Each structure stands twice: as structure tokens, then as C-alpha cells.
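Letters are used for the chains, namely A, B and C, taken in the order the chains are written, and counting of residues starts over at 1 for each.
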Amino acid sequence: MSDINAVTTAEAPGPAATRPADASSAKPRSLAGDAWRDLRRSKVFWIAAVLVAVILLMAVWPTLFTSADPANCQLANRHHPAGGGALFGYDFQGCNVYARTIYGARDSIFVAVVATLIAGVIGLTVGLVAGFYGRWADAVLSRFIDIVLGVPFLLAAIVLARRFTVHETDTGVLAVTLTLGLLGWTTAARVMRSAVITARNQDYVTAARMLGAGPGRLMFRHILPNAVGPFLVVLTLLLGINIAAEATLSYLGVGLQGDAISWGTSIAGNGPYVRVVAGPVVWPSIFLAVTVLAFIMLGDAVRDAFDPKRR
Amino acid sequence: MTRYIVRRLLQMVLTFFGATFVVYALMFANQDDPYQVLAGDRVVSDSQRAALNAQYHLDKGFFTQYWYYVKGLLTGDFGTSLTGRRIGDMLAEAWPITIKLTLLAIVISAVVAIAAGVFSAVRRGGIFDHVTLVLTLVVLAMPIVVLAPVAQLIFGVKLGWFPVTVTRDANLYQLLLPALVLGTLVVATELRVTRSSVAENLRADYVRTARAKGLSTRRVVGVHVLRNSLIPVITLIGVDLGVLMSGAIVTEGVFNIPGVGFNLFRGIRTEDGPVVVGFVSVLVIVFLVVNLIVDLLYAVLDPRIRYE
Amino acid sequence: MPGKSRWRMVAPVATIALLAAGCSGGDSQDTEALPNSISISIGEPQTLIPSGVVETYGLQVLTSLFYPLVGIDKTNKPYTMAADSITHDKSAKVWTIKLKDGFTFSNGEPVTADNYINAWNYAAFAPNAQVTSYYFDRIAGYADLQPDPATKKPPTVKKMSGLKKINNLTLQVTLDAPFIGFETVMSYASFYPLPKAAFSGDGVLNKDFNEEPIGNGPFKMTGKWQHDQKIQVTKVPDFKGTVPKVDNITWKIYQDLGAQYNDLISGNLDVDTKIPTESLGSASSDLGLRLQKSPSSAFQFIGVPTFEKDFSDPRVRRALSMAINRQEIADQIYLGTQLPATSWVSPQIDGYRANSCGDACEYNPTQAKKLYTQGGGPAEITISYNTDGGYKSYIDALCNQIKSSLGINCTSHAVPSLSELVKDLQEKKNVGLVRLAWAMDYPLMESYLGPVYTTTGSSNYSGYTNPTFDSLVKDGDEAKTPDEAIKKWQQAEDILKDDMPVIPVMFGQNVYGYSPKVDDVTMDLSQNVDIYTIDVAS
């Protein structure tokens, strides 16, 4: 029941202005139109877009990049150096590291993107509602966040893995995705809530309210665009964290399993041998890092383009 | 303000029982045969099962079990673990070291993230900005399961700068390496969020005003911008406690720290419901207190936010 | 309130928090640093009550706190330790145990026949829920201490009729049926005596006994069990039995094998009892001659659900066995620390015959494929394993081999814990193949054949049942001499060759290392460090 009342004090610094109305141009332009024009001119955006496209292509069509079979592992090849179709050598099970890294993109990207989307939707909704309405809504939702924070990842992962594993050969993609998505939204939600609390006390919101704007319009037209910045940053990073978290879950024995090939399982499986041969750990890590980089760049570019304050 | 805090404290009681209920339910859903876990390869006979059930009531339904648990809690008794230890003792032994460890990790990561975040926001696109981005990526791409053993090997075994493993009565220096490893889990997000909100605030009107009034950049950034940018960062620190706790499962294992993560891990593995619920209950109290402090800090940072 | 003063409010809170975190308790009394003191790694024991211990770590600690009636020598023959003599009647049904005089518990209590009788009755009485209760089921009257099988009513009798005190130093044990191996069985920890101080009432164990057990052994605890940290023991003055060479042992408790190894090579630990496979690559250069291997009794195998139609044909099971290249797994996955298993009992046991499995355990993909097709094996199999034991790479490798040998699809399936698998197997669910392992309780063939393969075996998860096999094992139990027993047991083992209820894969070894500070480190078949021979290097 947090009563968060806005009292604007005169001496307080803060972004006092509303979105400056662009009076100079004759034709009114939409925010999206402006953003797209900006994006098209952004080098960062194009680099990121190309990277993301390549990674997605890898996930959808791995045979385009390698003809080797990632599941064909011969112990006789254990830790053999690069050669033949194996650009990056062989890992401790005698699997082709290059092929596994390429094929690993699919599950890694799927898990990370879907889990991040789930977390994003829940986080946005909970954060926006709790921050905007305050009082009861905030009390209930915030305490709910506290409870979710308390649930250990490992426990939830085990329970979900059991509920969503229908058959022994199920690789557990769904369970891992749900675990990361259903437990990973708390950060996004609290960040969103804090940004909304800050934004809803701004003058322009008060002004809009005075002018008779309804809660929906206030939330989505006025508060959200100004509060979404930190939320987007958290979300883009969450993508990377989710790829890595899948590795940690694998290490704890509740991640992807069986025939699943992913960057996380490669990193966790080869981790103990990193002193002997580093390649099988380093290559998937590089792919992971580049993926995260692409999404960070994309996120930055998109956010900059949409930032109302930049106009 | 006082009324607000009192209200929040009252909410805590409800949340506490809510959390124990949720986690108890999860443990119940996960429960197969905890007695068998203890017996390993051997089969637990029916007579042993009957005797154990008389003590732990695992043959009863969920609500009966939960009722037994709550009844114990109300009399200040956290119950006994399946290995016969008093859970109250386990909590008292495990919590102090974990609190030290996470607090240290939080302080380190916050200092690094805020300093580096502010600097790279001020010099956006500069070399420092790019270097921090690359480091962020490296930290993100190294899961803690790889990072922790590697750090232990390099800084503990090879260089000998830090102790390899840590005991329950470790001092701050001994905890530094595990705390650094743990801190990497959250430092990336904190850094990027600091950078983004500082960059955003740098464009605000009041900065222009302050600059126009002739204030130095250092003062503008250090006082006005930073203060306005801290809200999302402080929020993060509050929630990151949760991330750190799950990270502690790996870190505490690698550095042999007998803390909360260590116990939670074993409790979940051995399907020891009361142990897990006991640890999580205390965990939830910690979250409640920390997030109350965070909410109060909002009002400190932004005077326009008031609580009644 | 102006902003600045609010900031000042926050600062002291943060400082206090930091200070609180910084203040740490002083070091507790540490005997590790004393001369002639050593540290040995273990994991957290489940309990230190002898009859409740089945895992290695608890057993290891108990070896220092207790002195068994009989020990097992290098050739697996029992010899008396706390017992002065152990004799039996002609049929090996009535056993008389005479105790050595002058032994005391570390609290000063003299050790008498009562201490044994009370401890064994405590262990056998069902409501006490002791895991090793079944060790006593050969003793007459054991059934009276169990719940009524029909009514499930708890037992009222608390004492086994088969235990009789002759005098203070003599006890007589009557078995239900003759059993020549009973002397060997008595080497197990469940047969340790308990002092009067352990009990708070008749047959009721003192609640705190587990935290600081009192034994009749060469060491006693200094202070309580520091859970997840260490257990410290110091020599008992004027010990009447074999006197160890070191004065103090710190059992250091680890959760992670990697941490344990790193502590060894950086000088914080003297004996690492289990070096992780991943560290073996560097271990020989890190440790040199201080890296050691010794046989253990562990036996790793793959359980096959013989009750399933897919696997009911023995040809399918033999084919799976022949599809596995054991040597390659031993070399590449275990780096030579495990040995290929081609029989059903450990090589360390009397009666073991190398390669009693014959062709069926030889790697032969062509023959395997033929047999598999003939037997009508399934086109897709799964091997389940528990993730809490580090078996992933082993099972993945096994699956890869089966895939390429038989041309079928093999999936490794991880489950969080063994209990889940065991439950499914007991309910005869179709879980496919399962990773299992067994270590002996006492060095007799029966300790493998009985529990794992007989119809009523306590750990027979394959659902294997063969009346001829059962009766041969029983014949061995009741044989007049050990040699005769072995003959019967070997005949039983021969049946396994044809039926293949489980697929033998690996025999375990202890792989351990120690610091330059210690010497004469040996580990026995049950993966325990010999605390009597270990010494500080001169």
C-alpha cells in the first residue's frame, strides 16, 4: 500500500519539459517515422542488423554453414586439433566443435529470445501497473515480486523440467525457457516500476492528466516512452544472461539434456577441461558474446532513435 | 513516512507466509522419495519408511505437512532436516558468511558499475566506452560455472594472491575473490543501466541550465546527473540480490563456502523440504527489507517522491 | 528536507553494514598446524551414528573413532581386532565372540558385551529407522523387531532373541540360518559398539550423540562436528589396540572436488581422497609420485529393465554389451583411473575370475549388430543417469558408442537424483537403460551377487529373477567352508553371463594424492584412507 504522491518542489532539478513539440517542421511526423529515418542513417544499426541476421540464419539453416554432423562424436578424436571439416578442433567427447557451435545457435537463441520475451512482457506489465497505480496494486505486485525473487532457480528448474518433460528424449528446451522466463522478469519489472514512479511525477504527466488524459493514454503515450530506457537496457542484457544461465543450469544438471546441442551445454561440458584445451569453451563463448553484442547495439540504436528527448 | 514503514512491515508477515507456502508447494511437487535419496543405492524398507514417516509426516497430504511446518514456525521452530539437524542451527551457521559475501559483491560491483558507467556515458563513443563494452561482453559470455574455477585456479592456485578455499569465519580479504566472481554476474547490467540513464539525463534541460550557470562538468555530473540517474541503478542492486543468491550456489561450491547457496543446493538435491523452505523464508525476509530500503531511497534521491 | 542531509542519513547505515560484514570471529582452536597432525578430505557425512552410515565419508570418519571387532587384511581375510576370538559351531549358525580385555571408550567406560548387544538391537529395531538395519536380518529374532507384515503394527519387542550375553566379555549370536561369512560381515561399521553414554534411556539414543560421538577407537573428537567444515580428532592416550602414527587428524569437509584438489596443490590439504577426472591431465605434473591409484570395490554397470518386452531377449542385452568399447571409455573419459569391467564381482574379491563375462563383454560391433537384429532390439534407446554424480560425460560417451556400433539412436537422459530412477524402476516403469553402481559392504562375492541380482535382492533394480541363480547364491551362503561357498557363487555368476541382467562397464579405483608433508598413504577397497599406516613425512 505505498501511497506515492507527487509533490513537485520548486528547487528540485529534473527533466521538467515535456516532449518538445517540433514546431519548425510544417508536416507533423510520427515518432515511429522519425525513428525509422534515424535508424536508416545509423551505422551501428546496420552492423547489428547484419549480425543478427547471420545468427538467425545460423539458427534456422545450420547446414548452410557446415556439412559436418554435430552428433557424430568419436572418442578416438578426443581433443584433436583443427583439421578437415573441424575448423575449431574436437572436444573431450570427440565432437566437432565448429559443427556444434553452429548447430548450438538454434537452441541457445531460441531459449534466450523466448525467455527474454516472456520476461519482458511480464516485467513490463507488472512494472507499469505497480508503478502507475501505486497503493494496493503496487503492494500486491511488489510483494509478489519479492516472493518470486525468493524462489531458488534450481528448484523451479527441477520442478518445471519434470512438468514439461513428456518423453525421455525431450531435450528440455521448453522447461529451460519457461524457467528462465518465469523467474527472470523480476529485475525488468522492478526497473520498470522505478522508472514509472519517477516519470509519473513529472510535470508533463501532471499536465496531461489535467488535460483529461485517461490512465491508458497516460501510461502508454506519456509515461512509457520516457520510462522505457533502462528497461530496454536490462532486457537486451537479459538476453545474454539467459544464454549464459542456460550453461549454469546445464552444469547444475537441470539444463538442456540428451541430444541437445547449445552453446551453454558446450561451455558447461568442456569447462572442466579448459586447462587442457581451451577451444571448445572459447569458441561458443565468442559466438555468445557476439550475439549479445549485436543485440546490445541493436537495442542502443533503437532506443536512441525512439528517445523523445533526443529530438 | 513512519506509517508507510509500519504498513510495509505488516505486509512482510503476509509475504513471508506466502513465500513459505509457494516454496513448500514447489518442494512438494518435486518430492519423490527423500528417504531413498539418503539411502543411496540401497532400498529403504517399508518398516524404515513407516518409522521415518512418524517423524517427518511425508506420507501426509500437502496441507497437513504445511500445517505441521507452520505450527513449528509459530513456536519459533524451523524443524529438523532429514539428516536430523536442527534447521535453526543450520540457518545460524550459514547466513552470516553468505551475507558477508553478497554484501561485498554488491559493494564491489556497484562501485565499479557506477564509476565506469558514468565515465563511459560522459565520454560516449570514446575509447573507455568501447573498452567497457568489450569487458561487459566478456563477463556476460563467461558463465559463472567457468569463471569461478578459472579465477580460483589463476588467482588462488597459480598466483597465490587469495586463499583457494574459504572457511566459515573468513575475513573480508579472504572473501574478496569469490565476491569478485559473484559480482561479475550483476556488474554488466548495472554498468549498462548506469551508462544509459546518465546519458539520458545529460541531455536534460536542467543540465543545460546548470552548465549555463557556470557549474563545472564534474559538479554537474557528480551531483545533479548522478543523483537523478541512480534510481534505476539502486533498483537493480535491490533485485540483484536474488541473482547473487542463485549465483552463490556455484560460487560457494567452488570456493567451499558453507553458506546459503551450499545448503540450498544440497537441500533441493536431497528433497529436504523443511531445509529449503527454512532458507528461502529467511531469504525472502532479506529481500523484503532490502526492497523497503530501496523504495525509501527513491524518496531520498528524488524529493518529488513521497510516502505517507 | 534538503537533499544533502538525506544523503548523510544513508551513509552511516551503509558504513555500519560494511563494518558488520568486516568483523569476523577469531579462528577456532586449530590442531591442523600442530606437528604430527594431518588433514584429509571428505564430504559432509549424513550422520555419525554407526548404524545409520552407508556413505563413504561417514564411514571414513568412523574408522578413526571406532575399533571394529574384525578387520579385513590385504587378502580379504578377516582377522580379529577388538575381538579376542570369534568361533562358531559346526553349522556356522551359533557364533561366540570373546572381547579383548582392557578396552575403553574415549570417555573412560569399559567396553563390554552389553555395549555390542545394545548397539545392535538399536540398529535392528525398525522404529529407529536405521539404514543398515538389514545387516542384522540374519540374526534370530530380527523379525520381531519389525512391524507386523500383515497389520503394519509397530513392533513391541526391542531385543533380538539371537543375542545373548555370556559374561562381560563374551557374547553369543544365533543366526536364523547358517552363514559362513558372518565373521566378515562383522567388519562393517554397523557392528561397532555404543557406550552407555550414547543412550538416554533403554534403547533410546541421546539426541546430541551424533554431534560428538564417543567410540572405542584410537581417536576421539575434539569439540563438536563442525558441519560442512571439519571434524577434528585427536589420539586417545594409552590406546590398547593398534596405535596410529599421527596425533591429530582433521577431516576437512568439501562440497566440490575441484576445490578439494586446488586446496591440495596449494598446500591447504594433506590428503585428497578423490581427484576429479578433469584435473588428472595436470595431476601427474602437479603431484609426481604423490599421485596414487589403488583398487576400490566400486562397480559401475548399466541396468537393463529385463521386465520390458524390448529388452527381455538376452541377445539384445548381450548385443548392447558388445557395442561398448570399455577400454576406450576407461582411457579417454576416465584417463585410466577406472578399469574395464568384464565380470560381475570386483577383481579384489576372493572368487573373482577375470573375464567371467567372456565374449559378451568384448567390443565387437559387427557381432553386436547381428545379435541386436536377431533379438529384435528397439530402434531407439535412452540411458538415464542422475546428474548429482558427474556421470554425464561417461553416459554421453557410452551413447555415442552404441549409436555408431548398432546404428540405432541413443539418448542420454538426465534426472536430478537417483531416487527418481529407483522409484520408477521399482514400479517397473519403462525407463530404458539406467546407470547404476554398487560397492561391496564386505569382501564376499555374496555382497555383489545377493543384493544386486537375486530376486529379493535389496538393490535388484533390473527386475531380474532366476530361481536357479537364487538357490545357488543361497547354497553359497550356507556352505561349510569359504572355498565351497566361492564354488557355488561362481556357478551363480556363470548364469549371469548368459542372462546378462546388467551390463558391466567399469571397475573403480581410488585416485588420490597427498602433500609432501605426509607419507605412507594407502586407501582400501571401501575408499577409506588407512588411518593406522599414514604418517608424517620425516
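Just so we're on the same page, a contact is a pair of C-beta atoms (placed from the backbone, for glycine too) under 8 Å apart; a residue touches a chain by one contact, two chains touch by 3 or more.
Just so it is clear, the structure is predicted and the values come from calculations on it, not from any experiment.
When you average the Cα atoms of each chain and compare centres, the chain farthest from chain C turns out to be A.
In terms of Cα centroid distance from the overall Cα mean, chain B ranks first.
If you average the CA atoms of chain A and of chain B, the two centres end up 20 Å from each other. Chain A and chain C, compared by their mean Cα positions, are separated by 46 Å. Chain B and chain C have CA centres that are 36 Å apart. Multi-chain contact residues of chain A, defined as those touching 2 or more other chains: 158, 252, 272, 275. For chain C, the set of residues touching two or more other chains reads 258, 388, 416.
Annotation for chain B: residues touching 2 or more other chains are 149, 153, 265, 303. Of all residues in chain A, only 1-9, 12-17, 139, 142-143, 145-147, 149-156, 158-159, 162-163, 186-187, 190-191, 193-195, 197-198, 201, 229-230, 233-234, 236-238, 240-241, 244-245, 247-248, 251-252, 264, 267-268, 271-272, 274-275, 281, 285-286, 288-289, 292-293, 296, 303, 307, 309-310 touch chain B in the complex they form. Touching chain B in their complex are the following residues of chain C: 1, 3, 6-7, 9-10, 17-18, 21-22, 24-28, 44, 46-47, 54-55, 126-131, 133-134, 146-147, 152, 154, 210, 226-229, 253-256, 258-260, 262-263, 265-266, 268, 388, 416-420, 422-423, 426, 436-439, 451, 458-459.
Chain B makes touch with chain C in their complex at residues 32-34, 36-48, 50-52, 54-55, 83-85, 90, 93, 99-100, 103-104, 107, 149, 152-153, 156-157, 160, 163-165, 167-172, 227, 252-256, 258, 262-263, 265-266, 269-271, 297, 300, 303.
In the complex of the two chains, the chain C residues touching chain A come out as 258, 276, 278, 281-282, 325, 328-329, 332-333, 380, 382, 384, 387-388, 392-393, 396-397, 400-401, 403-404, 411-414, 416, 431-432. Across the complex, chain B meets chain A through its residues 4, 7-8, 11, 14-15, 18-19, 22-23, 26-27, 29-30, 133, 137-138, 140-146, 149-150, 153, 188-189, 192-193, 196-197, 200-201, 203-206, 210, 224, 228, 231-232, 234-236, 238-243, 245-246, 249-250, 264-265, 268, 276, 280-281, 283-284, 287-288, 291, 295, 298, 302-308.
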